[in-house]
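Per-chain numbering from 1; labels A, B, C, D, E and F assigned in written order.
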């Protein structure tokens, strides 16, 4: 695909969205049998699964912490999730994303309730189109709730960025590649506290503030969809 | 070496054998000093060593099983055992063969007699000409007996296959490469119970049954040679 | 750089030194804050750091020895320390050097005083010009002293070799590449006991003895510089 | 791959088997419900999501140009990889594929390779220099038993779903699929042969035998697993089960 | 990367922060003494040793010919690697870079890459075939906190120190450096924002945010770390600190 | 590589050494019985099985075409690899070569390389592009001590056994062997120097020195090992032992 001349024409993006518009979003909770909690997120062409195991006994034992559970996160991409087949196994990018994902989720967990335990969060990207780390955090939060892990608040996550000098919500891969700036963000939607923030590209002070505005708005929508997914799961269960 | 027009001419195979004939076979027990038990098998151009250590204390400790010994098998090829030098270390093929070797041997062992222990079987292929996994199992069984590990029965192992639409015993590398089907098999020769079976290629129902007939016959011969090797070792020891 | 016709002209080496002359040597003790002991050695164009941690609790625990401390040494080269960027991580050469370094240092330590402990010696080569393993041992000894680890004697280390049929002290990289023989050596300077000796190239019996003469002389000088570095550190500390 | 089952449940499953019954009311020769979703992943040339009961396996096909093996200059390449994802079972751990994942991949590989399911000779761009390599990545998402059959089915469904590449070197009108091998795994529980084991049944079984067959019922690959053994008669019964059940599975491939 | 601090010290540091004070008498927005030695390593094309207080980080630049990435035929390559050497801290262990070293390298990389600090297009020898790859190796020698800022500063100083290669394919008169990005890390301790944390302060902090800026004060990269969180106001304050302190650091680059 | 010996046996061996005696009745300067079987492995270009007492080491030589090192365009390549197989000793574990295996390979390599035992310049097919790489794989089958001497002897015997390749690019009538280096290891037990230690003697020794010599008795490689030390006089005695015993070993190479 060649770089298009413009990424925004007549106020519309390549896929027809307005700058402040999210891609179609579908969240489902409790989709896996074996996991203690699970969720899937489809955001545009992204397909992401998350599963939670735990709190469970920590292995290997020497990693046990006497006064707290340990949260472990693994973000991983399927070999077929991207255009050129990705070799299986962690690369530097996925190691970093796993780390910031853990740091994005940990602030809402009560790990001190489960000494010597592990809580494992596994995120699998099945199909990728930019925004997989934020979709993964969004899915992981629903999976944690589905697993019954107590939380202070949810974590909702989305990316904002700059393309053609416009601040936009929820970049596609084309927008990420040819745009100027990408800023993934995660926050507690009720307390408005930011638990993940990364950014690369270029922002003036004003643009940064505009981007934060849009991120807050986007996370609000994500939060709504997360709650809806959990309500549906719960309703079905009650109706069973 | 070019593919020959036919693999069987006038009822004889490339190396002059009849379809149901084994290659020259030589088994020796107790050939290594340090191992608790050992054996060598030469089958045609194959040269395989097996050594047994144990029952011994299991390391690392977290792999100990409170109610049973653990059998561990490693099948490995010497870099110089094949035409093109093989890079040292396990590859996917040797990992799979190590697994099926363990599953072929374990049914005759009384692992529950040795809780918290390990029994280690190491198989080294020094020279390879097809049939190394079955030669390895045959050698490992003699090495287990040499180590004094109690067994319900022996395990005898050989491959059968199909070349030029004929079912044959004990394929050479040339026959394996240019033939249709290879079926390694291992069994308890007294109880006629099959503990290893793999196959790739093509068999009709009738061919499969013919192949099993031939495999039973071949394992009978292998079994005789295994017992002979142990008798010789024992006789020498008594005569020493 | 092309190979020069001669490595010694009019009794002088390429860098103007006499055959029995050391390169300019600078040793500093206590240059790192976090390490328990540390030292830097500059020998000609070599820049080497050494740090000591311990005696400290051994991790992982299963490596603890009930009746002695364990000395662990790691020799490592910075990617930018050599002409062609070195890939990070241990290679076979550095594994071997780490081993002989440990064996060179251990004879002067009282490891039995610290059961279940580890003493870790980390050597980093920042800039390399032949002789880095001996410079590393020289630095490590000063770092051990700086850490207050009790020692029977110091260890002083230097290389000798043969270039243009002449036995010389302290080879440069050019001399090592184009010369005949390289012999790194380490010894207790007071007791005259040799704790490291490696050699490759060619020595007659007489040359070997000449080389040992020169090595003893060179180590004497190294020893003087080691003591001076520790005196300076101590004097500064007292004056602080 | 086989998980620990409590001794009470173990005895219960074994007793049921002796009576020809199973914990989920199936007959011994009955599969759970099977669904095949084709093309769920657009970033792959072909993909499929197979569910057998609660077991979920996804397979994706990617095609890349590669240099052929020196001894096979006139053949495309087939590479099968399997990941037992840690989200699929509490017993799966992150890291490089272990012996269970390797065996799974190799058994699926042999079924496809030995039946000539793909006409690899058609995947040559330039003899000895440039061929197409077909990667099949098997992604186990939820492990409720019988991963081999589910994986083989997903792999074959993904191949059948695979679309020609948009690449000027790709000259075939379609993916050159010429056979539909299908794997059926039979396990032995308390001396009874059972198809399509769930994860608890796998925890109880003595041994398993996987038999891959093609359209005419002939065998293209076999693999015994587990620490038990089979008599000759049991093997022959297992083959008959594999032939019959294989035809049922193949029908689902369309 | 964050080390354990005794609970007494933890309380002491937190109390001080609330009063706007620090254990080493600095103000909350004050860096420790900074020194930059350029060119200490002659075997590198460029090198620098940066000290911020007792923290010491060396960076070395090496340049090698390489084949460009298929999707970037007209661009040289930038590879940043960081080693948390075991001599630098009792908590660093030998072995392959862990998540902290990888994050450190990637944050430094993004600051340089996203600001276009190096004009990578000038590093093309032949489009699509042959380009210069710039390796920046970050070597952490002594860890007394704030490794990201020290590493980013060392990397930039090493780049500015880098000399043209003596190689006939190298036709540039000098290294094509066009921007000077600088990273400033702000940590939150007891709800106060603090710059240039020492290692004990890092052990007490709730979270950190690193903001890399260029000459005009605009942002080229950010990275939040730690298991705490930031309010919007705190982020805006942190950006102001990064702008002001970044200008001070940039001035040291000469 | 050195195994734990009970303290009773330790004292016994040390006491014997002081009296000039050994547990197996040898004199201090006496090797165990040595046998060399050449050509046991037909899949190698050259091979040998060396037994020194109960110690068994196999070496295999393989030759492959390769690109030469950039700084040695006119030289073939020598690669020595050693495996301490887990079947050879209860203390050897499966896995990648550890420091003992690496040291063993490198010491054997240096003896061969530094004596110019192989005329590597004759192994060039096309300068800077195409050369022969000689792989020597050392396979330790049974470890009853003195692995270095046995391995060096096996490697040299395998090289002498190596036959010209059947390959059109191989134009030499025979393998270009021009020297026969031989390694002799001398260990120090209770201040006495001892050759050819068995495994129990290695468990008791203070230190070892390996000296590789060529035909004229001059030294081509040395390596001290172990955590003890040597005086200058001991080194000179060890060299004399290595010269005399080396000639005996070399005679066995034929």
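Please note the rule applied: a contact is a pair of C-beta atoms (placed from the backbone, for glycine too) under 8 Å apart; a residue touches a chain by one contact, two chains touch by 3 or more.
Quick caveat: nothing in here was measured; it's all calculated off a predicted structure.
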Inset, instruction - Would you mind checking the shortest number of contact hops between chain A and chain D? - result: 1
Legend entry - Centroid-based (C-alpha) most distant chain relative to chain D: C
Inset, instruction - Measure off the straight-line distance from the CA centroid of chain C to the CA centroid of chain F, and report it in whole Å. - result: 27
Inset, instruction - Calculate how many whole Å lie between the centre of chain B and the centre of chain E, each centre taken as the average of the chain's C-alpha atoms. - result: 58
Inset, instruction - Report the inter-chain centroid distance for chain B and chain F in whole angstrom, where each centroid is the mean of the CA atoms. - result: 32
Legend entry - chain B-facing residues of chain D, complex: 99-100, 102-103, 105-106, 110, 113-115, 207, 209, 217-232, 235-236, 239, 243
Inset, instruction - Write out the stretch or stretches of chain E touching chain C in their complex. - result: 40-44, 47, 54, 56, 58, 60-62, 64, 81, 83, 85-90, 94, 96-97, 135, 137, 139, 141-144, 199
Inset, instruction - Report the residues of chain C in contact with chain E in the complex, numbered from low to high. - result: 32-35, 38, 45, 47, 49-51, 53, 56, 74, 76, 78-85, 88-89, 120, 122, 124, 126-128
Legend entry - Footprint of chain F on chain C - complex, ascending: 92-93, 95-96, 98-100, 102-103, 106-107, 183, 187-188, 192-205, 208-209, 212, 216
